[in-house]
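Only one structure is covered here, and it is reproduced in the block below.
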């Protein structure tokens, strides 16, 4: 078990985001408590300076920049510089502190009432997690979203009492190891690497999503499956309107169960899970469990950022 | 005929808003060209200072403050101080320049793409008029909205080529003379003044809206009409679901036509038009004309700000 | 201790809102489990019908109507009828189910991703509570907001696993007993009732907020305090920019501490707490405790809905 | 000169979008007046049916579907089905009628007050043009946006008096002939086609934008320019923070003037304009003229949808 703070710093480390810019206040102190030695915090005396430094640092370093702001007024002061960052296509993680959860609904002082709505017009994704446990996953998605082309800022609001809570332990911490091409394109070297990975897998499986058919890939999917002798599962209709693979094909295994634990069991023993043409996955009932079977890697080919 | 610029300065004069704070750029120059001698412009070198001065000035003077910003980055820089103004319940007109209309859809440089959405979470009303001719009416509504309790900021985005266009000439310039109690309450002295005005009218008329019934005022409306021997018109159902007055009452004249010119003709010769329980008026077909008959005054009792 | 479901039904009962309209799906089942005998649920087969019935029922009964929808598609289908409800000035509580909190950030199927943003343009308040414990308080505020003039709809999104969690036990359940004039006006009979209540109090206190000065009430506040021999506390500057009462007045007690437990202690032994010209209260550090001292009633005169 | 209606139908024809689904009202009549013989209109008796048909038609036909709605209530009723369309990744043009421009600011009946905000959470782009003349360009962009991966709906609100106005005549009607790969990827056949096009050009030119450097393409750009002996212009800094090409290179011509007519003059005589790493173009002063020199084609390589 790790705390939200520990899981978040680990995530930032994995993305080489150990430089943080900001102009913090009291709502950011729990994030900064026990600040790790391998990180540095560069203080700006006004938010425009802090965001501007993070913007330039991201452009020069090739990493996603990180700027840390102080609840509603801090985000407000930063909006002009966030406008510049989106115009510059700069990948930027913008985080802001928030009241403790117990005092948000009563709109106590320093509550950022419209936390996600204020930066929304200028960022690619704007979010306040519904539970403390989700903060690392939300920051992970913000980094991911910011780094996809066209690059830009993404925002996460974090209630100040979340940092000492327990992080989720469902395997979502593997998001730390997520790699994204960052090009939005099937570059030849990526295709070659995937072919190689597929060749080395001992027990690969294809999960076929609705966009295979939508993008005209029906016959290519059948050809791939037959050449590689892959078993095939399909995403249930709740994940989109179409079927991605012929149900009467001998390799077809059926529809994946739409819940975490059963889906992970259905894919057990596979070391490579290739999902194509889908958002992975369309869970509905909540049945807790590991997101992936032990030892499995997942490769996702999708148009859904 | 007057230009948008002339009509706007006349409107600001009528509200004693002859002090303007701001940090302008090129998109604000057409507003400032030929700046009138009886106005003063107080320059802030950063938007937080300009908004803060306007906020304090409004609080100290009792007028609606006016701050003038430079398209998207100016509004962005000001957001922290606009947050303070709404927390202070300060009545504030916030205006920002915008690209020329011909270059907005192509998102030319300095286009404020989300002009109304960015300040929206922090202001009481956020608007970009669909025609140059409507700029003075939009500014008039922003001033009105800002000054109703709880007071706060209101925002208007103004394409820079609007200032030299012709203002609307349908009588909406009389909005300059609009008086609002600013208390949101039927104070005894206001009731007395209205009774007196009704007594002095030579040919008054009641327009009955749906909220008369919704608020339990059906019998009071009948009593008023019989005591004052008022003719009564009703607002058509397109203005809300209910009828505000008994259709079989001898004083009932029918439903007002829902278009500008015919409605004005239907109320011709009345010197006092008392509208109760409605938003005045629910036009649908566009039949251009004067908003009110010549010589008429309109008093509106409404819960709709 | 009571569950969110128990506290919510108790709140609805106290507002005489025992008729619910809706078109539920699986995400609403936890709300409907153990549906109380004194409530009835009127089913609509499409959302437009469910909202329309709730709208008409509210108009005819004089209560706040309640319509219950099914996550994103249900709210989507209802938007046309919600538009009508706001045009009708109908007080309406709109609730919608949501995924379990653990599956929201991963955007599992049936997650209402933009739960508060979709209805936002058509309602007076749109909210998704940051904790299960806050659901009753959020619904209470939605009812309150919907019933203030101009009346209209208000929206709350409720994660489906919240209903069986524990409700907050800080005294906020007293919100059940909250009475609102619903007129937005200092009607003579309300003033008289307040004067009577003040006369009967054994140990009343005034809490003076910044809007006393902003609205020109400085001298009236001093006169009231001296006539009634009231002790006076002020709201700290974090609750707005101005002081509401002269600090050098002999009755002045100081600034209230800005945290729940100490503030409640500072006001201990008072049986009537009259707050004027403020939003009550501007807490910042989170120090848990009862919101009010035992036995105290609070009367709030404010322009903040 | 053509009217907005003529230009729009011509645009829809060019995209093979001659089937329209909808549930129109009076605000859509000016669009439907003189409905062309080569189009068909499929009526849905409720908006969910109209959107659903358009969604399925788009999926089956491979074109962008088109659904036409009736101002605010029509869009409201359609929101549930628009939610489905975005979940399905269906390319969909959603248009809705609006009051005449002269009656929008007064919020006359049938005004869609929050026209762009209501569908915003469910669509990829939501817009109401600031001038009648821009309606065809706005519809063109909506079609373009809807058809880029991940595909989805896009929305345009159209004041009902716009249809008979004159369309813009600045060359933007060439947008009719715009071709988009729809894959978001530099597929080998597209690269080959571009190389061929470059080879056939008699007088090509490169316009270098800031994302050439941001994406690590500096040396590739120099190599291309030297191999093809291309003159190079750069986008001024107002179009993004970086320079896209070495200013001291012998082929470097300078910064393009940031206004329509002078920019077109600077590129005169070129038959192929290759823009890389930029949003084309960052105009600021408005100097009317043709968007491109006579006879020129423009190819744009960009991450900006």
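A, B, C and D are the chain letters, set down in written order, and residue numbers restart from 1 in every chain.
Here is the rule we use: a residue touches a chain if its C-beta (ideal position, glycine included) is under 8 Å from a C-beta of that chain, and two chains touch if they have at least 3 such contacts.
This structure is a prediction, so every number in the text was calculated from the model and none was measured.
Trainee: Select the chain at the greatest separation from chain B, using centres from the mean of Cα atoms.
Mentor: Checked the centroid distances; the maximum from chain B is A.
Trainee: When chain B meets its copy chain C, do both sides use mostly the same residue numbers (more than half shared) or mostly different ones?
Mentor: Same-residue interface.
Trainee: More contacting C-beta pairs: A-C or A-B?
Mentor: Here the pair linked by more C-beta pairs in contact is A-C.
Trainee: Measuring centre to centre with CA averages, how many angstrom lie between chain B and chain C?
Mentor: Distance between chain centres: 29 Å.
Trainee: Mind checking the centre-to-centre distance between chain A and chain B? Centres are C-alpha means, answer in whole Å.
Mentor: 45
Trainee: In whole angstrom, how far does the Cα centroid of chain A sit from the Cα centroid of chain C?
Mentor: Between these chains, centre-to-centre, one finds 35 Å.
Trainee: Return the residues of chain A touching two or more other chains; collapse runs of consecutive numbers into ranges.
Mentor: In chain A, residues 84, 117 touch at least two other chains, as defined above.
Trainee: Based on the touch definition given at the start, go ahead and assign the chain network to line, ring, star, complete or other.
Mentor: Topology of touching chains reads as complete, every chain touching all others.
Trainee: What residues on chain D touch chain C, complex-wise?
Mentor: Contact set of chain D toward chain C: 47-48, 72-84, 113-114, 117-118, 120-122.
Trainee: Where on chain C does chain A make contact in their complex?
Mentor: Per the touch definition, chain C meets chain A at residues 26, 99-110, 117, 127-131, 133-134, 137-138, 141, 159, 161, 168, 172, 238-239, 258, 279, 281-284, 286, 288.
Trainee: Show me the residue ranges of chain D that touch chain A in the complex, using the header's touch definition.
Mentor: Residue positions touching the partner: 59, 84, 87-89, 149-151, 184-188, 210-211, 214, 240-242, 303-305.
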